[in-house]
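Lettered A, B, C and D in written order, each chain numbered from 1.
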Amino acid sequence: MKNEKLYNSFLDSIKDIKNGSSIMIGGFGGSGGQPTRLMLALRDLGPKNLTIISNVAGISTTTGYGWPENITPIDQGIFFEAGQVKKIICSFPVPGTTKPISEIEKSWKTGNCEVEIIPQGTLVEKIRCAGSGIPAFYTSTGVGTIVSQNKEHRIFNGRKYILEKALPADFSLIRANKSDTFGNLEYIGTSRAFNPAMATASKITIAEVNEIVELGEIDPEKIGTPGVYVNRIVKRKPGDPYP
Amino acid sequence: MSDLSFENDPAPRLSREDIARRAAKFLPNNSIVNLGIGIPSLCANYLPTDIDIYYQAETGLLGFKELYPKGKGDPNIMDASGNFPVNIPRLVFFDSIESFNMIRGGHIDITVLGGLQVSGNGDLSNWMIPSRGIGSIGGAMDLAENTPNVIIAMEHTTTKNIPKIVEKCTYPLTSKNCVNLIVTDVAIIEVKYNSDINAKLILRETAPHWKIEDIQKITNTEIFEK
Amino acid sequence: MSDLSFENDPAPRLSREDIARRAAKFLPNNSIVNLGIGIPSLCANYLPTDIDIYYQAETGLLGFKELYPKGKGDPNIMDASGNFPVNIPRLVFFDSIESFNMIRGGHIDITVLGGLQVSGNGDLSNWMIPSRGIGSIGGAMDLAENTPNVIIAMEHTTTKNIPKIVEKCTYPLTSKNCVNLIVTDVAIIEVKYNSDINAKLILRETAPHWKIEDIQKITNTEIFEK
Amino acid sequence: MKNEKLYNSFLDSIKDIKNGSSIMIGGFGGSGGQPTRLMLALRDLGPKNLTIISNVAGISTTTGYGWPENITPIDQGIFFEAGQVKKIICSFPVPGTTKPISEIEKSWKTGNCEVEIIPQGTLVEKIRCAGSGIPAFYTSTGVGTIVSQNKEHRIFNGRKYILEKALPADFSLIRANKSDTFGNLEYIGTSRAFNPAMATASKITIAEVNEIVELGEIDPEKIGTPGVYVNRIVKRKPGDPYP
């Protein structure tokens, strides 16, 4: 029987992404856990007016953040350079240094895109909530800062908290080391990061993996994302130079 | 000694490395510590040999020590500064949900963060310079707001000798009433809370040849003798 | 055939196994299914050989099929009914947080649950008999409220021939407007929603020799021809 | 240097549990993942007026639920039999059958204890929130049922939800297969259940384990509970007859 989750081409796996789609991009920032091939395919596909949701975003190309030295970094900047982004929601869109200026900062400065900055823990919890049927939660992170502006405040046990709402998306592009044919994913080290949360939070989740193995070939105690959350799986070519 | 020197200084200010060395003294053995980018990340280099710290990184990492030199290491074992720690046999990996359960839940003992401004009542600003108009929050708000012990490691003033310890922060806030200790290139100052929101700055140590009056001159809010 | 027989019945009611067999027909190949305790758990025995289901259990288990016979098996691989599934090489394990992310997040395709009462607008009561005063909710409320397709597999009446399909549930509710299909020992009834809260019961199949009038007689709310 | 997390005796590891303490007991219900030796120690220690928090509770002794056939089950009923419980918070306190009557139902019927029944997904999320700095969240589970009585209702995106609050405790008694000397825990199969959530949610977490190994001897990709959450570790005697 045909396994409908397996795709042979990165471009085929994302071709229903349309103008105006919202797209989560996994990993932490840096090359580990980043779905680099899916990102390049999305750039090549070329949909516009995208909302991009990711954590650290667009700083690797200017600072080398989280990339080995022997390879030119790829990051979310490619979508800004191509004029595909209406809005980015992230926790870390610019490095401490101001030179060279990143693609995101450039796009923001010229008014070509909106940048919404969310504390990292709040961002991942908003994403988790979208995947797990929780429409909103309270956190003290951001209380008394611009993050709390126009948000509902509430006191529990004498401490002040703000209401934060679930953040879903149309597509999640994620990255793992291995997938089995059902989409159970195994991650390595810190490459988990935002991938497991994002896998649960979109209508369609697409996983870029180094290897696809048979059911049962991943140690069940090491599965980081159960296959119920994964709609499409694409394997990288052997010897792909990107980490 | 610092690169900075100002004509009215009674003696040289300490270096970034010295700040890190002094901050590192406040990390007890076996504690769980998250180090921010910049000066804080240098603390790891100045631990006494009998002190063992479990560093936590927002990336989903606990227990690391040494970092690979630039250009080496495994991108799948990364800290929040984008460095690649050495894979020693005590590391724990987890995803960002768990990483921030740990941080937001108050399970990190101490965080050492950089600062742009700290106010007399312990408010911290460290994520955006207003003139730039855009900044990065990352894990700083979760860490500052929820960690029981927040140490700020920073220079006492800007390179133009403008005080960074102020009566009220004018830069966008990271968290209010969160700072417990400020370690600078001229002083170590405790933020002593009388209530959840009212605090006093108590001078605990000075750099050699610096007196409280000298430090007060480059501090925009009152500091008190211990 | 059932143990139950009532004098006005036009023909025997089906057995618990028959109910399970009929409910099992509604489980499509490769779907993710959570089976409740009792009749629902029997569905697994009646799948056509070309249908492969990924059963999920609240205990933190996905992908199991066969159960060990009573007295055998590993207590560390348990389903929510307290059975020990066979450890086949496709099982996934996770904790209760993840298990209910999956359930509450609507990632389970179908749940088959038992019922004490189902109302004409799809309300379900299945966790407490009021006369006992204490009951067990377990995962039933999360499953019934959040699973896109809820199938109730139960006898059409109590052992005293009191209808369990009613205009309004009198037993404590499990979830409102949640039921999509009712499979009983005499009928298969679809709950067709006109809006989120208004529904009509549509008769889709009957047991041999049962007509809609016969079924209506032991049903306390109106059922309609398809 | 002395490792202050390691205890030699189950009784020593819990001896600061006092009258009136709130205590989470891990596992799902059944023998897998249940801290049976810690429970027996708590019964022997004898504190009264306890609040017990667990999932399926007290049904194994009457039904054999989740236990192998060759051994007499132990469950939360031991605390009720000993008159130690003021209140139990759980999702599944009675089996479907009414005979024989369980210790919990007996205690409830005679008015000796309060039983608060919470949907399982809500219960585990309330516990998770207590450990992760989230004072409250919204869920649709229980809307329109007695679970929603006296709770705040709120509509998000056209759907009705209720507010549920974090549930912390004084102590968590949990169970894992292995611990290293730092308290990193490895679980097996479905023995995870409520253990990882409860590990985070109490002032003091005590882990009962089959084996204690050196740091680095647990595969870091298989650690289910990071050691930051674990305060005390006690190893079972080799050959313990309880699963």
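Before moving on, here are some points about what is shown:
Everything that follows uses one rule, which is that a contact is a pair of C-beta atoms (placed from the backbone, for glycine too) under 8 Å apart; a residue touches a chain by one contact, two chains touch by 3 or more.
Bear in mind the structure is a predicted one, so any value in this text is a computation, not a measurement.
Two chain pairs are in question, A-C and C-D; the one with more C-beta pairs in contact is C-D. Chain centres here are means of the Cα atoms, and by that rule the chain farthest away from subunit A is C.
Spacing of subunit A relative to subunit C, judged by their CA centroids, is 37 angstrom.
Subunit B and subunit C have centres, each the mean of its CA atoms, that are 57 Å apart. A separation of 28 Å divides the Cα centre of subunit C from that of subunit D. The set of subunit B residues that touch two or more partner chains comprises 91, 93-94, 100, 103-104, 146. Subunit A has residues 125, 128, 133-134, 139-141, 187-189, 220-221 in contact with two or more other chains.
With chains as nodes and touching pairs as edges, the resulting graph is of another kind, matching none of line, ring, star or complete.
If you check the complex, the residues on subunit B that touch subunit D are 32, 54, 56, 62-63, 88-94, 98, 100-108, 146.
On subunit D, the positions that touch subunit C within their shared complex are 28-33, 55-56, 63-70, 91-96, 98, 105, 108, 115, 117-122, 124-125, 128, 139-147, 187-197, 224, 243. The residues of subunit B lying in touch with subunit A in their complex are 37-38, 57-61, 70-71, 73-78, 80, 82, 87, 91, 93-97, 99-100, 103-104, 123, 132, 134-142, 145-146, 172-176.
Across the complex, subunit C is touched by residues 128, 131-134, 180, 182, 184, 200, 215-217, 220-221, 223, 226-229 of subunit A.
By the touch criterion given at the top, residues 125, 129, 133-141, 156-157, 159, 161, 165, 186-189, 219-222 of subunit A touch subunit D in their complex.
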